[in-house]
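See the structures that follow.
Below, subunit A partners subunit B and then partners subunit C, in two separate complexes.
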Partner chain A sequence: MRATRLVPAMRIGLIAGLALVFIVTIGFVETVARREVLTDLLSLSTTMIGMVAVLTGVVAARPTADAGEPLPGTAALRGAVAGLVAAVVVTLFAAFSSAVDLSHMFPNLRGHAFDTVTFGLDLPVAAVVLAATGAILGALGGILRALPPLPTRMVVTAGIVVVVLSIMEQVFRVMLTELGLRDVARFFYASGALTVPGAVVVAILAALGTWLARAPQSPVRAQVQRVRARTDRRTSVILYVLVGLALLILPQLIGRFPSDVVGNAGLYLLLGLGLNIVVGYAGLLDLGYVAFFAIGAYSVALMTSPQSFLDLQWNFWLILPLVMVLAATAGIVIGAPVLRLRGDYLAIVTLGFGEIVRLLFLSDWLKPWTGAGQGVLGIPGPTLPALEVPSKDPESIYYPILFFCVLGAIVAYRLANSRVGRAWNAMREDESVAEATGINTTNYKLLAFALGAVFGCLSGALFAAKIGVVFPHSFEIIVSITALAVIILGGMGSIPGVVVGALVLVGLPELLREFDEYRLLVYGAVLVAMMLLRPEGLVPSAMRQRELHESDEPEDQYDEEAGVDTGRPAVSGGAA
Partner chain B sequence: MIRRLSLVTVTLWLVAAIILGAMIWGSILTLSKGAFTVTQWRDLIINGVALGAVYALIALGYTLVYGILFMINFAHGEVFMAGAFTAYFAAAALADAGMIDSQPVVALAIVFAVAMVTSMVVAVLLERIAYRKLRNAPRLVPLITAIGASLFLQYAFRGLYGSSVRSYPNVPALDGTITIAGIPLRATQLMVIVSAIVLMAALWYLVNRTRTGRAMRAVSEDKETAALMGINVDQTIVRTFAIGGLLAGAAGVLYALIFSHVTFAMGFLPGIKAFTAAVLGGIGNIAGAMIGGFSLGVLEQVGPNLFLSGFGVPGANQLRDGIAFTVLVIVLIIRPTGILGRKES
Partner chain C sequence: MTVEQREPAATSAAPDQIVVVERLTKTFGGLIANKDIDFTIPRRAIVSVIGPNGAGKTTLFNQISGYYQPTHGSIVFDGVNIVGLAPNDVAELGIGRTYQNIRLFADMTVLANVMVGAHARLKSQWYQIILGLGSVKQEEEATRQRARELLDLVGLPRRYERELAKNLPYGEQRRLEVARALAGDPKLLLLDEPTAGMNPGETARMTQFIGRLRDELGLTILLIEHDMKVVMGVSERITVLDYGEKIAEGSPEEIRSNPRVIEAYLGKGAANA
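For the complex of A and B:
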């Protein structure tokens, strides 16, 4: 019997509908409604809701335990049912919220909150339109799931590229204009979003790119390519030089505000690289990482600012070695008490340290030295005595940040592949075994803390020099959690992962200013979703991937025999 | 058992000894200065006991979950917030209807019910959505999930209910003071302490005298064997989360009665402090959570004044939140199993 399995599809529709109601109720939909994806045609909120509907269809058309991979017709039917149910749920809530005023309880649910979802139509009409749209998009999702992997990937990539390019309009339009391609810029972008012809071109290019970059068919060819990639160093050198050049002229290309955004992403990149050493390499979940960020920022502030009690006014570059020594010491001091603690206790205790550092900087007790709530002002930028350039504007501060990010990435990479890195690996896998093989875990843990602290302090130092003032409230626990989210999204232990994480989680939200209120909500969701669906991260390090799926393997084999869908990405390939 | 003394152990004990020594020295200085009267100390202690009752109720949630799953439910502070924040709307509605003035007992019962049910639902959903799939994952994975869930819940409730601070309506019935054995207690504090003790007694009965409690203890002992004995492990874990949620919801209302305002961010610090209380008492141990909660509450109220003002630290109470963390570090160094904890493998 080939069951159509409509009841599970309806349940998925119900969940999707409730999720939509939730994001409307928290005001998210209304906030992003002001931003367009396609000029005068499609707002970001509509795109988002559409994507939820399609995704609902995709999930509803998953292969099931008893029937396996559904036929395209079944898949489309299931998707349509799920989309329909989601639409019904949303319509019911829209009707309810227009009948009963709930705004005293849910401030974001004022009168017209559901208008974006109901296309501003009257309810009876909206109900029909919504149901039809939901069913069609859901069916589309179902078909997408039933297609072979390559076309699915082409469609998905095209969609994502269009949305991302449209959101990053501020960056790309300036860039195209600076390159002297004013007409091209005008073809692609108008009033803050991609134009329709521009989007079509972009989508076709993205799909074509995916097709060209498709995985080689035969395993032999794949092996040949892998070997060639490893031996052909010339290509990679050229690539590195090109990327390096692009990074060097980037601030000139993209202008002031995007440079500032990239600078901020760079600070978190540095934090992420450091936390990656502590969490990703050594396996010590440090939630008080912000302490080092604060120590770095305050030591620079106190030693360079004319307004600090020290009144030293030393040059930023001169004190940097001193800050690094200070950082390593701080790392050891904070690391020592937690050496004996197991993973979860360690996390909470370090979190406590982070809070204590902030409370101390905020307290009246240390006010004569740290300025308490007033902070330290007037921190000069990282000027080089030889160069008479303004050093605090976003375009200039970008260079020291870039320098330390590159340096940090190289150091982190070399560490990972060194004796020390292997010792950390062993320690993370199993402490007792590591100790038994002669690794001094105490020293290696302290080394991880000290190195992580140096990275954190450097980031803090650059932060202080960049914004020119430090206040205790810049050093809340949320900095640690952001850095954690950065490395989790990219993949623990993976350096390209940290870059991706910093750009996506810190860079992108700053370009979407109105989105700021929901940034932390998204970080939370990212942490949970990544751990549930893809614990190795988006750009996993090879070792981490093996580790995290090692324990699954026997289970998966059993599941395949029994025909149970584990819902893991490894099983439902092509969804990513 | 004799452990080899390593350099690290010695240093850590030294650090702990220095901190404890400073605490005692500070206390002696403060007391010899006589900056506070006996009445002031007594009031601080009473405040501490009332606050400690709230911490103890939240700590029970940590301990119950830890006892069964060996994971720190980092989002438990948000479970507490969810109940208190949602119950605010019930309380405000009841205040508008005049129920709080005319029928305080019924009104408070409704507020408690709303808070407890909300927290329970949040706790159960949390288990179902975020934790269940990760039961056999490497240790850090559920912890990171819990941190994410905590952040998500905080900002989800901020999105739902707004970012403003809401004031709980005043309950006139709890305004006066009641003198017991010569000690004047504010009625709110008495109510907080009494309800916390009642709830703890109920929990003790549930865990030690009912079938559900026996199932919980069995699952905590050994999941596989419990399953072989016909215990529904999933259901028992859900029930554990539900009980933790109910207690956290009640704690939320009690907290709101003491401090009379709620915000979306109110769960974070009490959550961490309650966790400290659970560790102080011995995590996984129910009686320990209660003792830890009360001790931490008192320490936090008395501590900054007692330990720090003797040294002439200005604004000692600003460092109050630091006390909980310092206690946590010292306990974990000297006696990681807590006051009542048993030796863990």
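For the complex of A and C:
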């Protein structure tokens, strides 16, 4: 047992076990126990615990600095040991909590909290079952780590797709039914989750898809890569058109509640796009971004609602230009005093500004105008005079949100790939050198704040029109944090990243209502994991790709297969 | 290398000075970094500033490029007094610079670094960019082409253009810094120890390159340099600073034989050069 490294594996198992104990103790696991992933077979809580065990195995089998990549046997052994240790930790704590009443310390640890972990079995039996499951799943994780990249990717993709499709049952079931595929819907879904045969089909399809996109001998792979490298114009255009059409008919397909969820994700998408300009491009860490969201919402509320003191009852679309001008002004007013601040100081001051704006709307001082805690009610939807359609229901408000998201993405994309975007990036990298290359950093900071504010205000305006009421408590710091988390998760400076971040971080939790209570915990865990595993974000901005679409260079930069680009410094050999 | 290059464009009136510095003084608290420095740079000349560490060379540079405001004195660049101007305004007037310890935009691509350098020369405004005007695209394409040409000029292989600046080897980073400075179409280029940390081969190439910049692009170059081979080989005039004061000025030959300079700084270096 020279190079098997079992002690580190045990340590990882210990950490995983403690993490499991933690999420059980706070009641997280129990909350999701009623949600199923596979009908009548697998609950979400069991899946979560199983995934923790597998992940433990994966981590335990990672290559070490001295011994390198472990052999499959070693990897499996390490994974098994780690999984076993995790199981032992959980069993011990389950035994402890059943012997000693800890419920006064952990209010969520009532009686049956550990039943989900012990499968409702008696402790001695459960201990054996748990240990065996832990070891097996851990070993699986270890083997998964030791497999070549392609099979691993196929298995992981299949697993993720099954879980996500199952969680999004509400969306897909309605969608299939709407498409007239009632029988298909019945085959895949039953009582809120994927059926077992459905899951098998989905898993096979997902694995097959991964293989087609990745395997060297696959007929589709070359095409996929050409689309990625943007050399195949035609296929990209077809894809864009298809995605566009899908987006247009989406609300009709998925029904009311999912449309509402997508709408909320869209609002955060818009916030993310704006904050991305300020933080991602210009590098100005703004923690008070919610201020602009609030200003946008209140502007619309006051100018459109019949219950506002202004009693103007203007049309939403008519006042939008005015809201945008107001927003840009607000951005400059808030931006100007903090121009000289950098980094942490800027973050703290903007955090303060965000709170100030909220407290102003909440204050008695402004009560005659903003209604303080009672807010402003009766905000009409964004009606178009020509269209006599309801505009506030989720399926309708979806369209203005979609419109502004697309518009915002185009604007952000153009700015990012221009003189302005480069100036922002340069400022973020080294402010004084940026100045010495002729960039007026004051102006560019203000521009970033103003444009970011316009995005934030638009999102706020749509928010007000969507829910019809504004209260100060809708504009708490959590909005800023979520918007920031969206761009960190997606990848700083990346527009596709913002889309993914908004859908994952805002859309998914709303579909998983159970998570709501633990939203901050999940955000925290996700952000820590991101910083450790993938600090560049899920869909990182293609820094390198930025300059290359007009390029005539041969494509030798990327090694897609391994998912690693050859970013190492090339050896100097340049003849002068 | 002290061949006088008289170009047709040069004015016939007395030596045309692109930079005139008069009685320049900079103090930091009680420390006098530059004291009553007078010096001039003729147009299309290569002028070096030398002196022991802490002599105030970089302080002088930072005042010319607008980072520091002089305590008193004046700096006239191409007929404009630049005292009081912000660095970006100075850059726009046509002064480009490199840094003693390389300061590239590390997480931007090589090509983007050069394109940022062209910032002050570009006209696209943010609202034009948002509207996606054709002129914006044209300018962008022209800038990209020009940046590639500059990469060729400084001898950076094309295959590096999409690489992040931080991934380049040291010598190439120095070249990239020069390319970025050149992208702003400067009239005066300030090079702060351009051969620091280079091996003899790279140093020789850089020295040659500095000569070419003046000869081919018609730039005026102000150089801070420690390597006496470079200084003596490339510059027409040398200004020597010591403890913030100018102690000598003249041609390489004059400096080489100036007893004050030998005493203050050159010493061993003079024998080697």
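We adopt the following convention: the second predicted complex is superposed on the first by the 525 of 576 C-alpha atoms of A that agree within 3 Å, B and C clash if a C-alpha of one lies under 4 Å from a C-alpha of the other, contacts with A are read in each partner's own complex, and residues count from 1 in each chain.
Simple rule for what comes next: contacts are C-beta pairs under 8 Å (C-beta built on N, C-alpha and C of every residue); 3 or more make two chains touch, one makes a residue touch a chain.
These numbers were taken from a predicted model, which means no experiment stands behind them.
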item	value
Most subunit A residues touched (candidates subunit B, subunit C)	B
Contacts of A:134 with subunit B and subunit C, given as first, second, both or neither	neither
First, second, both or neither for A:345, with subunit B first and subunit C second	first
Which superposed partner A:435 touches (first subunit B, second subunit C, both, neither)	second
Which superposed partner A:355 touches (first subunit B, second subunit C, both, neither)	first
Partner chain in contact with A:527 - subunit B first, subunit C second, else both or neither	first
Touching partner for A:335 - first (subunit B), second (subunit C), both, neither	neither
Contacts of A:108 with subunit B and subunit C, given as first, second, both or neither	first
Where subunit A meets both subunit C and subunit B, residue numbers	548, 551
Subunit C residues touching subunit A - in the complex, by the definition given at the top	65-67, 86-88, 90-92, 96-97, 99, 103, 105-109, 111-112, 115-117, 119-122, 124, 126, 129-130, 132, 136, 139-141, 143-144, 155-164, 167-169, 171-172, 180-181, 184, 205, 208-209
Residue ranges of subunit A in contact with subunit C within the complex	410-411, 414-415, 417-420, 422-423, 425-426, 429-430, 432-441, 447, 451, 543-544, 546-548, 550-551, 553, 557, 567-572, 574-576
Residue ranges of subunit A in contact with subunit B within the complex	22, 25-28, 105-108, 279, 283, 285, 287, 336-337, 339-345, 347-349, 351-353, 355-356, 359-360, 362-365, 367, 442, 477, 481, 484-485, 488, 517-518, 520-521, 523-528, 531-532, 535, 548, 551
Interface residues, subunit B side, partner subunit A - complex	6, 8-9, 11-12, 15, 71-72, 89, 129-130, 133-134, 136-145, 147-156, 158-162, 164, 268, 272, 275, 279, 313-316, 318-319, 321-322, 324-326, 328-329, 332-333, 336
